[in-house]
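Paired with chain B in one complex and with chain C in the other, chain A is shared by the two complexes that follow.
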Partner chain A sequence: MLQIRPIISMLMRSKSGPILLLVQIILSVAIVANASFIITERVSLMSRESGIAESEVFDLDIYNFDDGMDPVSQTKRDIEIIRNLEGVKAATVSSMTPLSGGGWASNFSYGTSKEDRVDAANAPLYYGDEQMIATLGLKLIEGRNFYPDEVLTGGSELASLLIVSKAYAQETFGDESPIGKVMYRGEIGNQPMKIIGVVERLQGAWVDNNNLERGMIINVELAAAFNRILVRADEEAIVGLKEAIPAALHKENPNRVVRGFTTISEHRNIVYRDHELMATVLSMMVVLLLLITSLGLAGMVMFNIERRTKQIGTRRALGAKKRDIVSFFLVENYLICITGGVIGGLIAVQLGQQLMALYSLPKLELFYPIATVAGLLVLTTFAVIFPAQKAAKISPATATRSV
Partner chain B sequence: MFFYYLDLAWRSIKKTPFLSLLMVLAISIGIGITITTLNVYKMASINPAGERSSQLFALRLMSQDNDTWERLTPQITYQDAYNLRKSTIPVRQTAMFRTGLAVQTEDPNFSPILEGVRVIDSDFFGLFEVPFVYGGPWDKQVDSEGGYKVVISEEINQKAFGGVNSVGKSILLNRKPYQVVGVTAQWNPSPKYYDVNNGAFNDSEQIFVPFSLAPIEEYESWGNNNSWRHEDIRTYSDKLASEMHWNQYWVELDTPAKQQEYQEWLSRYVEQQQRLGRFKHPEAHGDISDVDKWLKEHNVVPEDNKVLVGLSVLFLVVCLVNMLGLLLAKFLKRAPEVGVRRAIGASRLQIFSQHIVEVGVIGFCGGALGLLWAWGALYVLSSKFDLEQSLAQLDQSMWLIAPMIAVSAAIIAGLYPAWRICSTNPSIYLKSQ
Partner chain C sequence: MLSMKNISKVFKTDLVETHALRDFNLAVNEGEFVAVTGPSGSGKTTFLNIAGLLEGFNHGDYFLDGVNISNLSDNKSAAIRNEKIGFIFQGFNLISDLNLAENVEVPLRYRGFNAKERKVRVERALEQVGLAARMKHLPTQLSGGQQQRVAIARALAGEPRFLLADEPTGNLDSLMARQVMELLEDINKAGTTIIMVTHDADLARRAQRNIQIVDGQVCDFSMYQAGENRGKTQSIADAASVA
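Let's turn to the complex of A and B:
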């Protein structure tokens, strides 16, 4: 029924065409499988949730260059000014902006003595006040927030309380509740900080670092000449606040520069830009590659039909149905595709291993070459079926006429 | 003869417009993708130091304790930077870091702007060949004794002084008056190799102030501050005396002998510091890397780019195989015609070269169209992703490289079909006419 044997013997007779097609399919499978694997990997990186109300939160920098300025009282005044503006839902001084690619991170340890000291994983640090949770829109799932009188204004050495992300708590203490645990910076006994709360999710500033999910909040309102402030407001109010905030701050003290006003969503776009670029270029490549392969295939089939006009006519004269002619071309195509797909899949896995070794890409999953071959089978069906139907229309008379 | 073949090629292309178009399209898309990724790769990996690359060295010190960091870091401590400046071996040398200052002029209507500032020694300008429009670097004396001198860029000069020669005038940085001694012309090396901490492709600083002012003016560091141990740093002098890595250091050593001499001097420095109780790592040493090595070590060219170039070359191969198949189909269809030409006296070589010329023409068209694709792709990508200007522009060499790759690739693809057609026996085709 499927006439595989005569097709194979025919393919063996004029080898060059089918071999070229085979090579093309092998390479296509190898490229498409690896490219689509990288694409999905990048897309899944980009779709990780930050736990933050990204479109409602923006950051700004205040740089005071007034010599006589007292940072502590100035910072307290500034944050009050911003909070009292219309449209501002919450605001806090912060050591960094989420997803911005720059900020603070550190290592902590815990234990009772030098001997049983355990080092916890590196974590991104948000120094801020009791409004940090409200500003970022985080979800407190255990323990409590800072009380306003627990927040100190000044340098980072004032730190004493921590609110950690669930990811950090789980990585450090497993299923045990982290509430009440005391963490130290470096040596045991050095700058103790007690964990009082856990938030469900809080990402840090570096999206390519494995500390990303381990964000924590520390009870210090940093006060210096250069301060970063995070503000939460309704999306519609943000445009107006870009004008209102500098105006209000300059009215209080003109000797400063106020700049920034980038929302976390905008930071997200910037920080993931390289990944998005890679995914876009690769998608472009995959689409074009499939286009070229199927166009090339269609061209080849058309040429083959012209060359085999007599053969087709003879077969029709001998009783072959139109259906048989179409299925002949389709089976021929599937044979080449599957052979190419198997070899291409093997090469794809090899290529994936090379890429993995050279460029620290994760291991290629088998799903991708298999899906690529399946996709190619569908696509080539379309590329073959239209010229093949044209071929089926060849009248048997053509064959008898010129032999 | 060549022009006759060109004419023949054109006729043959016109005879099978669909197939020819397919071939041009295939090769042009392959070339377009390859040129796009190659261009981004090339622009990212350019060595901005040019021929001075082998004379400029970034300096690193392994000053940490054992069981802390295992590798050299791109920065050094302030105390080491301060000590290294005493060596007389380098032709030029500079310690530096990035900071930010509020800029004002004596004009009260000028609203203050915050600018990235580089804190440097006067050798910086000679070392990195920074061009000047007006004036020049400050005196060497300022490097040791301190002094409120500043070099500004043309851009700042435009904003603050309306573009006139401002040498001798004064500008306010954080409300302190600094005397302008020089105005630099446009200078923005890409990658920004002299400081890889703040992103290798961002803009260079517009204002330069003396390193010797750092302890007095307490400039904050706008870059990475890395500590390998916990230190209680509360004041600026704590920071200056700490083991924190936050300064960069570059030296110019013009001969191998000097490089050797400096290496030995560095080892003696490390030994001296070890006697003082620092540099406790068993592999403690000083390292100098020239620009080439420096760029490679810091992976200034992202690995993504290499993967893309690799995949796009494979893509081009697919396009060529595709073209090879189509060419074979096309040429073999013309076999009867070739049979006649052979019968009336055309040599195999003539038939062969005729077909190679035809393939070359297709390749050239594909290359030209491919350049257009590449230009369009770069334009779309750079507007969508806001790429740095330097990465997104089509490099001049690509105008030559693209058609060259296209034509030679097409000819390689055409060799087999051309050989097949010229080696067919004419009698077969003559018989069946």
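Let's turn to the complex of A and C:
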């Protein structure tokens, strides 16, 4: 049977060992709970779906140095050359590469006049033609794509149509359909653009920005001396295209530099590297802390078994079954663990609030301290059960031995 | 009450075999007070351990209160120790981190008594040994004699039919030893069977029957006449070297 009260009495009368263990558990819970929370946050950030066929899409940059070049016609020729290469599924000139950490964004507003203007959220802005959706592998869930003749080649002032992400549409218009709504870039009256389509997901370039999911595309094909091209191809064709694209472009016009060829998957790895590093370091810290705590627990139990050999023998002589001895050590350590867990949990919440204030982290959810304590109880069971089973094997005859 | 027939116990190491008990025969009737003497290494403690189900034996038959002890499971042995046997140890074996009441309560918890029942029994047992007023004290706050009385209270609290005492006065001065012995005599008069291992010839003489163990065997000619010998004190204890 459980012997909670006498075990508490024993712990209270022989405090130093349990207190040291308690402090270790308190610190472990406080640190592990917050670290686990941060790890989960980071992992959930890293595992966000971009809505893009990441492994099939890569970008490349074309730097033209030909002074007499007409950017519009050169861009059209270049994109045509790339689209005609074997293995290429789609290609488009773009203002930025998703998840690359650099690109364009803009503020928008909507309404019927300057008086009833409503500011809409800032959004990452893709310039693209009718192949942008196919190039990125986006899923159009409402409305339509641009028609080829609606795409204008030149600067951003030409934009008149918008395809927005579902996240942006919901944030701006709620459950109302965004199709047909007119948005303005910046102030009302500036460059009206009509929403004609909604894609399920479209992430921007900045993974740490809260505008990440609000991607939108305008019907403009950029044409300049410098162009960023996005290409979608069969995965196995990408290696070959790294050679074929520069060769084909140089054949058409040798006065330029073609470089890049980074897939979105590679951009993802680069842009999330800090998050991954932090998650890895914190995970190692959590594992080490839990290992040290479980070693502390096991060490404490083994020390107590040595110290209490005669007592265990006496208890066995007085009628304790083996399971009573095991449960004695389990209950003793559960009590320390739960006490440490409660105090550590409270400190974890406090620590979480400090981290939240200092580093703009989200609020620590109670689940984490609770899960940490639950995990620690499981760990306690494993750390204690084996030495305790050894203790249970101490012969009751030990009680009559003088040494 | 207790019947051992041809009990053998051998301790083996890689190099030697030690026959702690060989063809050991003994019968103890209910209500007896038996003193067990013998020189060091004669097998007294091994006998006590086997009698108290603290360890097993290699050969022979052992019946305690009609139950064949030979092939009992560990759990069953623990239950019999808890319900039928009270132990008094030479070193008292009190748990230093528990107060007197909590110490006396230990076997009662293993018995599964509820808190109310435990409280009644603890108070009654401590009252019986004259320490009811000190139940919140720790063992270290008591003299050796008082500690042994607490150990006796712990042994009595479960109302065992059978009390095994291993040198109960071995760590006490003569005055305290006499008090503890008087207490044991009172307990025996109340009907509890007592087997006491002792080196003290004077104490052994106060028991109803003496047996001596030499080289793992009983040197008591009346070992199978326990019932007939009840009330008599055998002279063997006198002859035993108890230096």
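One rule holds in what follows: the second predicted complex is superposed on the first by the 402 of 403 C-alpha atoms of A that agree within 3 Å, B and C clash if a C-alpha of one lies under 4 Å from a C-alpha of the other, contacts with A are read in each partner's own complex, and residues count from 1 in each chain.
Please note the rule applied: a residue touches a chain if its C-beta (ideal position, glycine included) is under 8 Å from a C-beta of that chain, and two chains touch if they have at least 3 such contacts.
Just so we're clear, the structure is a prediction, and the values are computed from it rather than from any experiment.
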item	value
Chain B versus chain C as contact partner of A:G296, first or second or both or neither	first
Partner chain(s) touched by A:S395 [first = chain B, second = chain C, both, neither]	second
First (chain B), second (chain C), both or neither touched by A:L20	first
Chain B versus chain C as contact partner of A:A35, first or second or both or neither	first
First (chain B), second (chain C), both or neither touched by A:I336	neither
Which superposed partner A:I133 touches (first chain B, second chain C, both, neither)	neither
Touched chain A residues, chain B compared with chain C	B
Shared chain A contacts, counted only where both chain B and chain C touch the same residue	none
In the complex with chain A, residue positions of chain B that touch it	18-19, 22, 25-26, 29-30, 33, 36-37, 100-102, 112-114, 174-175, 220, 229-230, 232, 234, 302-304, 306-308, 311-312, 314-315, 317-319, 321-322, 324-326, 328-330, 332-333, 377, 381, 384-387, 416, 420
Contact footprint of chain B on chain A as seen in their complex	16-17, 20-21, 23-24, 27-28, 30-31, 34-35, 38, 61, 63, 65-67, 155, 157, 185-187, 190-191, 225-226, 255-257, 259, 273-274, 276-278, 280-282, 284-285, 288-289, 291-293, 295-296, 299-300, 303-304, 306-307, 355, 358-361
Parts of chain C lying in touch with chain A, wherever the complex brings them together	45, 48-49, 52-55, 74-75, 78-79, 81-83, 87, 89-91, 93, 95, 97-99, 102, 105-107, 109-112, 138, 154, 158, 166
Residue numbers on chain A that touch chain C, as the complex places them	1, 3, 6, 9-10, 13-14, 310-311, 314-322, 324, 395-397, 399-400, 402
